[in-house]
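Two complexes, one shared chain (chain A), two partners (chain B, chain C).
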Partner chain A sequence: MAYKKRVDGRDWHETRPITAKAGVIPRADGSAYFKIGDTEAYAAVYGPRNLYPRFMQDPATGILRCHYNMMPFSGSGERVRPGGSRRSKEISAVTEKALLPVLDLTEFPNAVVDVFIEFPQTDAGSRCAGICAAAIALADAGLSMKDMVSAIAVGKVDDKLVVDLNYAEESYDAEVADIPIAVIPSTGEITLLQLDGIIDKHDLKKAIENGIETCRKINEVQKNALKEKYRK
Partner chain B sequence: MSELKVSEKEIVVPGEVLAEGMSYVPSYGTYRSQDKVYSHRLGLVNVDGKVIKIIPLSGKYLPKRNDVIIGKVVEIMLSGWRMETNCAYSAVLSMKEASADFIPRGADLTRYFDIGDYVMTKIVNVTSQKLVDVSMKGPGLRKLVGGRIISVNTNKVPRIIGKQGTMISMVKSATGCRIIVGQNGLIWISGEDPNKELIAVRSIKKIEEESHTSGLTEQILNYLKDLIPDAKFEEKGEENGL
Partner chain C sequence: MNKEIKRHIEETLAKGMRFDGRKADEYRPISVQVGVTKNAEGSARVKIGETDVIVGVKMAVEKPYPDTPEDGTFAVNVELLPLSNPEFETGPPGIQAIELARVVDRGVRESKAVDTKALCIEKAEKAWCIMVDICPINDAGNLFDASSLATILALQDTRFPAFDGIEIDYKTRTEKKIPLHLIPVAVTVYKIGKHLLVDPTIEEDQVSDARLTVCATEDGHICALQKGGNTPLTLSDIEAMIDYALGQIKVLRHNIGVKK
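And then the complex of A and B:
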């Protein structure tokens, strides 16, 4: 049984519809909304602000703290247990590492920039949506960044290479590889690369190429979202 | 061959190519990578000859020497006061810089400034670790008694003050309020009439929201005239809110 047609009828390299908006949370210093298919992410940036406990302060540069959180009824099936989990802690950490290479916080020694990413609804690809939203929010907060960061999940469902897997594809009854990838669009550098499943070397290379190409397209959406905020 | 990729006053986002070629010079908010000049933050492009810089539209206040700011006393230390400054770093007002009078050792410092008081101060020094020293020695620097404090985007402060203080003095004379604008985005407003105080708050918020539109002074003038029909406007502008 080969995978002949995608479950939602998309092309193999087509993403789900994307909407992005900057400045959606008035009290935050920077904020963004990023929706890809049925996955919705809100990111709010607070800071640079002072950081306690003191031992966490870094006199050389400001630090970045990300908080990834799925809301209790955001999943497609069972209720997600509210609060932090091993999974959310790990995703917070990789999100942080995906965003740090573009950020320059040396202007803010001993300070912290907090990024809160919340998901009211998810349908796979949430860490990528979160990174996209966070990048817009950080830019909206007026921080120094050498570029944006865009992210997308690529992978292989049965024998086909696909872009932007949804939950139905992730749990497809065959060999599936799910590869979230975050890219700095101007240079094509990769800041996040994870792999869940089985894929051979040749296909992995192809999948990553697809990812980089798609990230460049997502970058345009992110740019537009930021510019739209100030357009009159 | 050098080529400018964006136009003056265009909104750019981080990572956007501003110019190609070596003859353009990157300045504030931009950087060069190989032969291209990129934007380093969100803002408006400003091209001055061959120098490209970004005028930021958002972002928190970063303490700068000689800025007049409004601080809130949060801690009383052995020989001074620590103040919150609406940014990532707190400022220290030492006893010596606080008053022209001699303050004896062991004096009760709360007699001068107590926790929660707002004070208008001037930054005298900022270290590389962002330790901020402020002083009250200067014209008009004082404790702010009564009134209300509102906070605005620091990047909009120049617009709120206006050229030679035209904008803020217009609001002041129309509402009869005393207004002090701190560079850190805190604004102190105090008036006899609470309604007029509210109008002052609203007009400042309006300036903040519409700071990017041209002919704003005229627009705010009409706005104030609408709300306060008997307002008197003084012609002369003044520097800041001193």
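And then the complex of A and C:
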């Protein structure tokens, strides 16, 4: 049986409603809130600041450290035990790689820029929401960036190519491919790419093209969030 | 540096003022919101000035402890997220987080607000376990009062998930609430020099000599205390701080409209 209509009634290439806000955590050097559907992310940037232990310092450049964390009550099932899991460590690492290409931290040798990403509520697509929030927060912190980074999950549910899978689609009872991607909007370069599931090469290419197009739209929302902070 | 700030704060307090223009016994504006995250069985968000705390309640069914076979359990945990304060670090909870969790826990537990007997499903076999997680989004001082308030509001907001005797269905929430006998409210009084104040900013907290968290029930009974800070208190200090706190608890109850 073919997937005829999306679980929540959206068009195939339509994202869930997005809200973004910059400067939501006064104590941070930069911060942002990014909500897509029922997935909610907060990101806070601290730094450039001193990095300890000292052996971690790099005299050639500042380093970026990302920390992805779900609040214990944010998942749809049981309580998530606090503290890092293998999953959260991996996502932290790929988030770092997704954001680093737009940053230039050579001005800050031996220093660190910490990005903390927290989720009060999740419904799939959290790593992408986290990257979107983190990119706004880095810009809000006033760090030099050559562009934003925007991210979205694309994929295939049964025989249909879709954009922005929610949890119900990710766990749909059919063949599902879930492909989170992050994109530098001005160049279309891809800084994060993962795939869970099964898809052929032709569909994969199309799915990624959908993703790049969607990321350009998300980028507008991110830029607006930053402008909105200074609009009175 | 701290010494100079402290001297300045004391001088200002002596004139009946604070750096942000408040009186000693004045809270920053408080806003409360419940049902803030849909995957938790109950939740609340409390803002006191720029301090911003989210509390979520998750429930599970577990075997009761052997020494209390007819009771469900109740646990409070604090994650001092490094997102909320540049001083907080990643890693397991430090003493600051543990103390905060235990002080909030004590207020709820000792007031006997939660009827743990009513959480028992099957004696010595199955009982509900209530897990409260406190997550600050922005720490601008006074996490004690913000966390305590958010915790009790989140417990009030909690609805049991469906349970068929074997498995919990977290997607289906019932109408059943946590049996709460009464609503304890906590206020922390700070002492700087000879001055008392509530709702400190980070700066005021850092220079304070001592603090006393007082948790009280509606009828004015004190149900939990915690002294913090390095300076000892005399009996008359304690009396003054408790009176101060009880007065503030009444105001807080009235302003927030905390009701059973």
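Convention: the second predicted complex is superposed on the first by the 232 of 232 C-alpha atoms of A that agree within 3 Å, B and C clash if a C-alpha of one lies under 4 Å from a C-alpha of the other, contacts with A are read in each partner's own complex, and residues count from 1 in each chain.
One rule holds for everything that comes next: a contact is a pair of C-beta atoms (placed from the backbone, for glycine too) under 8 Å apart; a residue touches a chain by one contact, two chains touch by 3 or more.
As the structure is a computational prediction, the values presented were derived from the model and not from experiment.
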Contacts for A:104 in the overlay, against chain B (first) and chain C (second): which applies, first, second, both or neither? first
Once the structures are superposed on A, label A:147 by its partner contacts, choosing first (chain B), second (chain C), both or neither. first
So in the superposed three-chain picture, is A:59 touching just chain B, just chain C, both, or none of them (first/second/both/neither)? first
Return first, second, both or neither, reflecting whether A:50 touches chain B, chain C, both chains, or no partner chain. first
State whether A:120 touches chain B only (first), chain C only (second), both chains, or neither. second
Now for A:71: first (chain B), second (chain C), both, or neither, which partner does it touch? second
Would you check which partner chain A:26 touches, where first means chain B only, second means chain C only, and both and neither mean what they say? second
Both chain B and chain C touch chain A at residues 49
Counting only contacts in the complex, chain B reaches chain A at residues 11, 13-17, 29, 31, 38, 40-43, 56-60, 62, 87-90, 128-130, 155, 212-213
Contacts from chain A onto chain C in the complex sit at residues 24-28, 38, 40, 42-44, 46, 49, 67, 69, 71-79, 82-84, 114, 116-118, 120-123
Once bound in the complex, which stretches of chain C touch chain A? 36-40, 43, 50, 52, 54, 56-58, 60, 77, 79, 81-86, 90, 92, 131, 133, 135, 137-140, 168, 170-171
Chain A contacts chain B in the complex at 29-30, 47-50, 59, 62, 102, 104, 107-111, 139-148, 184-186, 219, 222-223, 226-227, 230-232
